[in-house]
Amino acid sequence: MQNVISGAECPECAAEIYVDADARASEIIECTDCRSELEITSVRPPVLSLAPEVEEDWGE
Amino acid sequence: MQNVISGAECPECAAEIYVDADARASEIIECTDCRSELEITSVRPPVLSLAPEVEEDWGE
Amino acid sequence: MKRVAVIGGSGYIGGELLRLLTAHPGVELAAATSRRLGGRLIDGVHPNLRGRTSLAFVDEDKLEHYDALFLATPHRETMLRMPEFLARAEVVIDLSADFRLGCADTYADYYGVPHAAPELVETFVPGIPEFHRTRLRTADRISVPGCMANAGILALTPLAQAGLIEGEVAVDARTGSSGAGNTAGPANLHAERSGALRVFAPTRHRHEAEIAQATGLPVRMTATGVEAVRGVQLLARANVTGEATERRIRAAYRAVYRDEPFVRIVAHRKGLHRFPDAKILSGSNFCDVGFAIDPGSPQVTVISALDNLVKGGAGNAVQCMNIRLGLPEREGLEFTGLHPN
Amino acid sequence: MKRVAVIGGSGYIGGELLRLLTAHPGVELAAATSRRLGGRLIDGVHPNLRGRTSLAFVDEDKLEHYDALFLATPHRETMLRMPEFLARAEVVIDLSADFRLGCADTYADYYGVPHAAPELVETFVPGIPEFHRTRLRTADRISVPGCMANAGILALTPLAQAGLIEGEVAVDARTGSSGAGNTAGPANLHAERSGALRVFAPTRHRHEAEIAQATGLPVRMTATGVEAVRGVQLLARANVTGEATERRIRAAYRAVYRDEPFVRIVAHRKGLHRFPDAKILSGSNFCDVGFAIDPGSPQVTVISALDNLVKGGAGNAVQCMNIRLGLPEREGLEFTGLHPN
Amino acid sequence: MKRVAVIGGSGYIGGELLRLLTAHPGVELAAATSRRLGGRLIDGVHPNLRGRTSLAFVDEDKLEHYDALFLATPHRETMLRMPEFLARAEVVIDLSADFRLGCADTYADYYGVPHAAPELVETFVPGIPEFHRTRLRTADRISVPGCMANAGILALTPLAQAGLIEGEVAVDARTGSSGAGNTAGPANLHAERSGALRVFAPTRHRHEAEIAQATGLPVRMTATGVEAVRGVQLLARANVTGEATERRIRAAYRAVYRDEPFVRIVAHRKGLHRFPDAKILSGSNFCDVGFAIDPGSPQVTVISALDNLVKGGAGNAVQCMNIRLGLPEREGLEFTGLHPN
Amino acid sequence: MKRVAVIGGSGYIGGELLRLLTAHPGVELAAATSRRLGGRLIDGVHPNLRGRTSLAFVDEDKLEHYDALFLATPHRETMLRMPEFLARAEVVIDLSADFRLGCADTYADYYGVPHAAPELVETFVPGIPEFHRTRLRTADRISVPGCMANAGILALTPLAQAGLIEGEVAVDARTGSSGAGNTAGPANLHAERSGALRVFAPTRHRHEAEIAQATGLPVRMTATGVEAVRGVQLLARANVTGEATERRIRAAYRAVYRDEPFVRIVAHRKGLHRFPDAKILSGSNFCDVGFAIDPGSPQVTVISALDNLVKGGAGNAVQCMNIRLGLPEREGLEFTGLHPN
């Protein structure tokens, strides 16, 4: 794996999330476990918050 | 491959057929290429003839 | 190289074993039996093996002694012949249902006949690597779980072990047609089975007993045949002890499956593929396990899926063999699965 | 002859209404609207109607006044336009979800938006002939239940009314792809949807609220998309008050459905077709209802099936129309269903 | 009311006849035989008939004399018993292949056995209303064409009669699994047949002889089993005499089919449903016929589709019956077909 | 280790390339692009890759220089961007249709637009290992044939090269829905596409031009969408020069394919699987080729089948890459295929 910073946690499911070392605050990344969209609130130390969700309609 | 005798030919499709060294005359084997049922007429030298076919009905 | 053989090689589980074993770099497939097709090329009934093997089925009297012997023979018949089979190999891996249930009464209850060899049952180790890996390393007799049973065991055991479930578990299983083997009859005639939603076991499906035994939970199970050749999906509901939160449930699964090579946790918030679906698992040895919480409800809904012929049978058996023979556990089982499919 | 019209005639429910109404001897199909396809022949999108009608879709501004008007338009949008629709016909039969739930809060909770016309909701009579036939005879506003909801309501109401159920009911629904309508998107792309076992609602499917309201029972519902174009099958589990015997359950169903034209009790001991299966119901207006008892258990397993576009939608709506307009209740709905299919 | 009966009522064609005849307002279904299921309710094997009839199968020795008798029995066996059948009814309508081919040598060639009753063959009128309606009005013996044969005959005869075809016609047929009847065997096991593209007749399918006889054209035919329960689609290619223009071809079809109740010309420039597709024909008595021209090529590509059990069998037979018994030709055959399906 | 990348990684061919390349022991998948999904995990749209890779899609501006670059982008658009792509890699392997046809007029004729980079076309070597292996060893630009085209080329070239065919070849292709890519629209909506027998190209399918070019034979081609996600089957008819005997035809195939790793001759006298069927080829890189002779007729019927995403696309492309990069030709392509499936 490239240059990543560990220590962030998904606020939804507590997965450990690796943030790219060259990421910037306000970038959106996905949680690998629950696939929530997470906003990088801070890079050092890495802090994540839940990004606003676009509703998906699973209809049927 | 185990002990086999080569040189026989499928009378239907000309595939080269390998006959087990311990096969006996009148045994039925399958042609690997066209899947005809072949009767071993002679083992040494190996000679094969087409075995009588059981009709298959592919219906529909 | 280890030499292995398959009894009942002409059936669907037999064929799947042949697919996996002919491509397995660590073993030599030495023989596959069929009572009906002795002498015929095995790719005649398993056309996917064309070009992969020139093996023909052998009659049972041609059998030798093997490092491992797989039994892909029907339940109720396998137990009658187990003593002969045990004499033929170092390790016997049984895919039938006959040596899965520890209690002979339960067997009689679910299979309708008394067990023919009750004294042998406890000599078998369950073929469930996720929970019996250590014992499997030295097991000479392995009994692989049923296809739906395995989907249920892998879905529920982590929660049961973590003490997260209370009361009865309601299990609803859906299965493809290959689960019933390749004997033609009115029930699996294409025109009847195609597109069916056939509740063939509204209560008391046999795999209920296996899940209950493995998890220690009271289980009620229904089973429905759905349009598919391969594939099992299982949906279970249970009450959660304490608060039913995503974190507690997910933590229990993570703790158990973090390093498992063939179990994936699939419970996503978005996307088209949020929960386990057998559609993408055909041919692969994965069991996908997921769950959902209904905020405000004390229940958890658990979903799992696998290919009945692979992680639900032949693949799982090969995984057990790998463990027992000291081969890399994933060897011969790396196929990814297809999408779309 | 009564003159009827369909709003949203280009969709799947709209098309099914057109199929039934063009062949109905007691009414004249006077108009079908489409916003996209005004002026185009209706058999362009509904090719089964070739040779059956030469009607073209009309724009809404061409609408006149009708004896009955069917609304086959999306939920959330139908409520916005209900006042206009009500002005257009003696009887309005709404197939959308907007006027099914009596409680505006429940609507908001399940549909994610506040109700736009809460004052109108109670003016609608539920389009469930089996339980509201008398009111339907004079109802000017009819709200037809959802496809899975109707399967659940018909399966559970007789037991609920007989006081045979206690505690929560767990409902597991399976549905074909036409239930999602004809708007193309990633979720119903053939390569993705084909062969899927997609748990699209692991908890809280919207029809849960309808079943709970109609039966008075607490309900938890999951829904899975299965390989089928048409068809819903529903499997429910509940605890029985008192002894769970076949006789008590069957008696409850018989008492309610003995003379119903479109509900059949299917719970057989043998045969290939022991329980309801949507496979044989395509095109027919039947809802089949069955059940099973697990001796020694306090539970009943209830199974029902229907064609979502017919008894789960357009057929049921036509049945309501027949009742309301004084036509024979079965008229135009006699198609038997196909086997094999 | 005319009294009719069905021999071989337990099979797929038999079941389809029962579906149509129980719902037919102009006749009374008096008896349906089965050698295996005498005394059993007919809705046991034909579950779609639940609630529609309480008839049970009868043994053949219970047969009386009928206005019309349908034979839904296998080829090669029907001819052996034809004399008995002829004695049982005013009109015999045979759905087997045994009395379709005028030439006994051709029969022997395609069916592998000599014909057992060659003297009877010419006493049968072909059950093809589109080309033998007048003779059918008074025919006491009717031999209905094969399912793929009828699709071919209806597709090609108008062009043949108009002298538009020269040289050999290449016919490629695709068929669903119900075309093979309901006897279970390896070939129609769901897991094998599902999703198959099985070229079961790469050359010389039996229906080739029927199409050649009816059209007078030299025909070469292949047949492939595709994923479907019902449905036949046929694609044919031929060289056109003179200029191959859409106008000439369409005119030939129009001239013949303009007033036919059950043949539709489907050859559109746009839309999703430009050519005949069996998918929307399930249960209906339509045969859709279309064609395409490749500008600059001397060929025409002809496409037709039907439901093998309806216009390819039972429905066509009922249409013949209607003609013969003086009933309205469409009676009992009005089902529109489903979309989507 | 060689570093490779995929443009258009979010599509169906892109996803199949990712499946094969992530599991390929001889190369490192360095990047996959998507314009829509940059930054998203690739297993979001390709759920089969869960646990196999943690790669995310990248925007094109993140691309570096690679040993090999695969283009899984649409025709008509790929040619516009080819110069940029060529600058990005040692070897470019194009899966689009844009550089397959040697003649710019033919391209314009079949694709409806003039070619944007006609001067580049002849710099591409056809990605057909069976007939261009030597040139592929050093080719820097490879253009892989279309899915149906490849099935046709592999089926017909041996006969054409042996001079066994005279006159026009009639090709009839059947294809699954993944052949159309993953853009949702009315044509591939599940409810419409499921169970369809849709003649979407009654004449002049685009792959006709590719087959004609590769074989030198005049070809007329039709194409029908059938119920399948993956899979192409092709049936062709041609007149044989000289006597049409099994031996002559089989000898021609044997001579060419005897040592080919991924072409199997399947033309059997008996069994359920006598001819090529795509059903057992899903996920595998085989193309099965078979034929039948009608004794007494001058024609041969040729049948071939493959998985459109593998030997019809991504697998074939990886085979070309293996050849070009000096890797073992079968590497990463050994998957056997499933039966039943």
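Labels for the chains are A, B, C, D, E and F, by order of writing; each one numbers its residues from 1.
One rule holds for everything that comes next: contacts are C-beta pairs under 8 Å (C-beta built on N, C-alpha and C of every residue); 3 or more make two chains touch, one makes a residue touch a chain.
Treat the numbers as computed from the prediction; the structure is a model and nothing was measured.
When you average the Cα atoms of each chain and compare centres, the chain farthest from subunit F turns out to be D. Rotation angle, subunit A onto subunit B, C-alpha superposition: 180 degrees, expressed as a multiple of 5.
A comparison of the B-F and A-F interfaces places the larger number of contacting C-beta pairs at B-F. Two copies of one chain, subunit C and subunit F, touch each other, and the residues they use overlap strongly: the shared fraction of interface numbers exceeds half.
Centre-to-centre separation between subunit A and subunit D, using Cα means, comes to 42 Å. Subunit D and subunit F have centres, each the mean of its CA atoms, that are 45 Å apart.
Looking at subunit F, residues 12, 44, 178, 182, 186, 191-192, 194-195, 227, 229, 271-272, 274, 277, 340-341 sit in touch with two or more other chains.
Among all residues of subunit B, those that touch two or more other chains are 35. Only residues 12, 176-178, 182, 184-186, 188-195, 227, 229 of subunit C touch subunit E when the two sit together in their complex. On the side of subunit D, the complex with subunit E involves touching residues 12, 15, 19, 22-23, 44-52, 178, 182, 229-230, 264, 266, 271-273, 277, 280, 282-284, 286, 288, 334-341. Residue ranges on subunit B touching subunit C, taken from their complex, read 1, 28-30, 32, 35.
Residue ranges of subunit C in contact with subunit D, taken from their complex: 170, 172, 174, 186-187, 191-192, 194-199, 202-204, 220, 222, 224, 226-228, 231, 233, 235, 237, 272, 274-279, 291-294, 297, 299, 301, 303, 305, 340-341.
Contact residues on subunit F toward subunit A in their complex (touch as defined above): 39-41, 44, 54.
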